[in-house]
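The following pair of complexes shares a single chain, chain A, combined with chain B in the former and chain C in the latter.
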Partner chain A sequence: MASMQKRLQRELKSIQTEPPPGVSINQNSVGSSLTQWIVDMEGASGTLYEGEKFQLQFKFSSKYPFDSPEVTFIGPNIPIHPHVYSNGHICLSILTEDWSPALSVQSVCLSIVSMLSSCTEKKRPPDNSLYVKTCSKNPKKTKWWYHDEKV
Partner chain B sequence: MESEEEVLYNESEEEEEDEDDSGNESSGGDDDDGLSVALLDSEPTVSANMSSKDKMDFDEDFPFEVLTTEQIMQHMQDCIKEVNNVVQLPPTITRILLNHFKWDKEKLYERYYDGDRGPLFSEAHIIDPAEAYNNQQIKKLSYSHEMETCIICCRDFPASMLTGLACGHRFCKDCWNHYLTTKIMEEGMGNKISCAAHACDILVDDQTVMNLITDNKVKLRYQHLITNSFVECNRLLRWCPKPECSHSIKVQYLDFQPVKCTCGTIFCFLCGENWHEPVKCDLLKLWRKKCDDDSETSNWIAANTKECPQCNVTIEKDGGCNHMICKNQNCKADFCWQCLGPWEPHGTSWYSCNRYDEHEAKAARDAQERSRAALQRYLFYCNRYMNHMQSLKFEHKLYASIKEKMEEMQQHNMSWIEVQFLKKAVDVLCLCRETLMYTYVFAYYLVKNNQSIIFEDNQKDLESATETLSEYLERDITKDNIVDIKQKVQDKYRYCDSRRKVLLQHVHEGYDKDLWEYSVKL
Partner chain C sequence: MEGPSNAESSSKDPVKDGWNPDINQDEAIIAQQRQIEKDIADSIKLVGDKMDLSFLLSEYPDEDDVYKNKIKSLLKKYHLLRRTRPDGNCFFRGFTFAYFEYLITDAQELDRFIDVSNKIKDDLIALGFPSFTIEDIHENFMNALNSLKTKEVSNEEQLLNLFNEQGTSDYLVVFMRLLTSGYLQKNQEFYSSFLDSGLTMKNFCSHEVEPLNKESDHIHIIALTSAIGVGVCINYLDRAQGDQVTVHYFPDNCDPKIYLLYRPGHYDILYLRKDDV
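Coming up: the complex of A and B.
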């Protein structure tokens, strides 16, 4: 879809030129079709994740932005957080039910940064081991019941 | 959004007509509906030949109407118009408001004239058209000559090309079309689509949808979704539960009554299940939930095959009659499938197969025994409930074999009229079995009192007579004894019919006078 290419190019450009603090695009990860990106993320200073490095993977379907992107943590360091499963899946409502085509990679990154920053205790979700054993590879296939948004 | 409001519904009707004309592409939509309606209309005459359902008695004081999809749409528009004569809002806004109040217009009036309109509109996720008008005027003046970027597709447009709801979030028409199409076709949303902006909960109105969507198939699907939410929200409407049927039933007030769709389906208006007199919806629901529970389900599955009480050969039931004769030629034991007791007393006045001996159950002393007794009590009622249900499943088989017998008899000097009693007898048999089935659900939850004893007596009479009738029909009729047995069959089905009415009448009286006590809180 032509409109999707144009939008992804714009998004890529804006995240390259004015990335949100602690976020940078991994240039090598972006193929010519733009359907998959990896974003490097740093734990903000003054938070429980200060000094840690994470990698976020974005996958875009041909229906993006009307269909939400598939976003997971990948790589050796998956943040220990009550909304992040040890397989990298993230329990965040804007990634499924509350997705709006007016949201973007930038706004998703900002939400995840703020989710990490507001964490007061590093721990896995209570249902982590069961979920990781039984879930689908694609987090969008999970019917989430959202953990308390305040955590 | 500022075009003539009246146009919405008229326009959508035209769209549908367009689609009829356009041929190929649309044949999956409207044409199909027309076809299924035609099929359904002809169905009752087919099934009327051989079904007990036609003998059902409907209460004349409970009038109901069967509506086609087109009539439902019309009814929805009439409701909107009626309310609009009073509140004077754009029809599409009225629809969202009415939907918010589950199509209870009195409630809407009450809130609308309550004074403060603000909270009402925000609760319903719309913007008061009185305010919206002002906003739009301002926006139009300030934006009309500038270029503006659609933040979804990132393309630039003259500001006048972007559009949106009264909340002020604006996107290009292409993006709106994609957004709405995704919501409607992939997520099956109709009634609750909100603005495409993040975290904006203002609902998209019908007119916006109709204006912005380009594909007729999507428009049609949207209309179906809207009609569906109209029926689901409206207390006086219910879809026919038959999966392929697209009719709905409209009643004038709510009551525990059966209704009948033009497709022949008879169901309880209150809950949509098969008509289940004498037990009421809430108890039946509890019962179904209990039956679905795994540990208990496995128990009654085990109860579907039994051993002959005399020779222990495994026996599976293949007909509706509970009078079993063991097929083992060396045994030939006569027994009752329900209680496994000898059949002989069942035909007499001291037949008591229907009654669980509460006294014996109470003798259980410790907790373990009590729980075992509770399970046994449940299994007792469940068994009988399942039994009659099983027997009903053989209804078609019995109708077929009776039909054969009727044809055979007509070749042996009997007229068509003379053999009709057989069909009538099967009709009555099926009605009685259905009623008996639900009496066991009722009885299970009933606390013993004087009335429950009368009820169980009625149940016993009906069950015993029904079993005899069943036996006549399944086993005893041959072309040689037809003249003798005709009188017996006629007497028996009339008796069954009257016992069924007596039982139901008694239960109804109990409802009216509040005589029934239940073992569960409702």
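Coming up: the complex of A and C.
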């Protein structure tokens, strides 16, 4: 537990002082235990999401950074993207099996910005309605199949 | 195309396949996996106590000549074994434990390894790893190494405590994984030829080397031992023909400081007879 809080404190400081472009931490969202954060994100200019605002929720377990954070889009605007379900769940391999403690909140944000930026057509995943109906509340409890790395 | 695997169920006939739409299949599968991991964690320590190697004989049936003969040949050279938890990290954790055990006895080698570890941190950052997380991982690794230097950890029992504290132990494993990844990426011109075609070294490392719990192959072992200049001797106990275990040294022709036993899918630590007092 101690190592998790120490690490999160550092991450918080780092994202406050050098936030990636278009990303900012929502200060009010961070409680004293640091186990839940909300990050505000803007669609990058020159992409399909230019001018849009999104919110990402991060939840950390006591095993962080060995256990990946649980990351979902929340709020009124969930990006329409082939890897983002309408309930905010994101299909991205670094959030489950390819997670490594060398990654961080910052690198997850960068991966998500880049996933959005490389999108060429705004649409939901083909199995969106079935998934949203049957899935667990926690996206880490989905056995994701990662089939492509194009978008 | 991609998506959650339970999407597959939609095309099946629920009655014929016994598929119950009220049960979340993914959650059930993952819960079962977690339970298996928990059962293993409850019964096998991350790094266990030394035990008499001859117990291996009781793990195979009497009529299994291949294994029995190989174990007998192994017993001529080694007499003790230390088990590691089969969690996908057994090579890295076993190797690191055995090496730290050696470092307790060799102050000069400890100083050399402290220098190597500091240099590796700079190399990793130069390779483009995020400095912020590398520093966190390196700092935790150095705390453990320094506890050897200050003699705060100076015997087997203290080392076992260090390696059985999950957080500390995982930081050690992660640093070893990252330095392996760094070495492979730095020398990718040579090592890429061992990968399946189309796979880049960067991809291989982020899928198969850096995440915890991914099992190790020869390429991990060659890279780790070359990166830190520490030799390992691995004894392969498998069903291959012959009555001797297959022995490999990494790097080739090294003078090994670490001896491991490999049984398909798992590594444990071995102790030479000559070390016995």
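Criterion: the second predicted complex is superposed on the first by the 150 of 151 C-alpha atoms of A that agree within 3 Å, B and C clash if a C-alpha of one lies under 4 Å from a C-alpha of the other, contacts with A are read in each partner's own complex, and residues count from 1 in each chain.
One rule holds for everything that comes next: a contact is a pair of C-beta atoms (placed from the backbone, for glycine too) under 8 Å apart; a residue touches a chain by one contact, two chains touch by 3 or more.
Worth saying up front: this structure is predicted, and the values here are computed from it rather than measured.
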_Side-by-side fit of chain B and chain C on chain A, or clash_ = clash
*Who does A:F66 touch here: chain B (first), chain C (second), both, or neither?*
both
_According to the stated criteria, A:S107 is in contact with first (chain B), second (chain C), both, or neither; which is it?_
both
*Using the superposition described at the top, determine whether chain B or chain C touches more residues of chain A.*
C
*Based on the superposed arrangement, let me know which partner A:S118 touches: chain B (first), chain C (second), both, or neither?*
neither
_Partner chain in contact with A:N26 - chain B first, chain C second, else both or neither_ = neither
*Does the superposition put A:K141 against chain B (first), chain C (second), both, or neither?*
second
_Partner chain(s) touched by A:Q5 [first = chain B, second = chain C, both, neither]_ = neither
*chain C: which of 4-12, 22-30, 130-138 or 148-156 bumps into chain B?*
130-138
*Looking at chain A, which of its residues have contacts with both chain B and chain C?*
3, 7, 10-11, 63, 65-66, 94, 98, 100-103, 107
*Any idea which chain B residues touch chain A in the complex?*
151-155, 169, 171, 174-175, 178-179, 182, 196-200
*chain C contact footprint on chain A (complex, rising order)*: 3-4, 7, 10-11, 14, 63, 65-66, 83, 91, 93-94, 97-104, 106-107, 125-127, 130-131, 134-136, 141-148
*Which residues, counting only chain C, touch chain A once they are in their complex?*
1-7, 10, 21, 24, 26-27, 29-30, 129-130, 132-134, 136-137, 140, 166-168, 170-171, 174, 177-178, 206-207, 210-212
*For chain A, which residues count as touching chain B in their complex?*
3, 6-7, 10-11, 63, 65-67, 94, 98, 100-103, 107
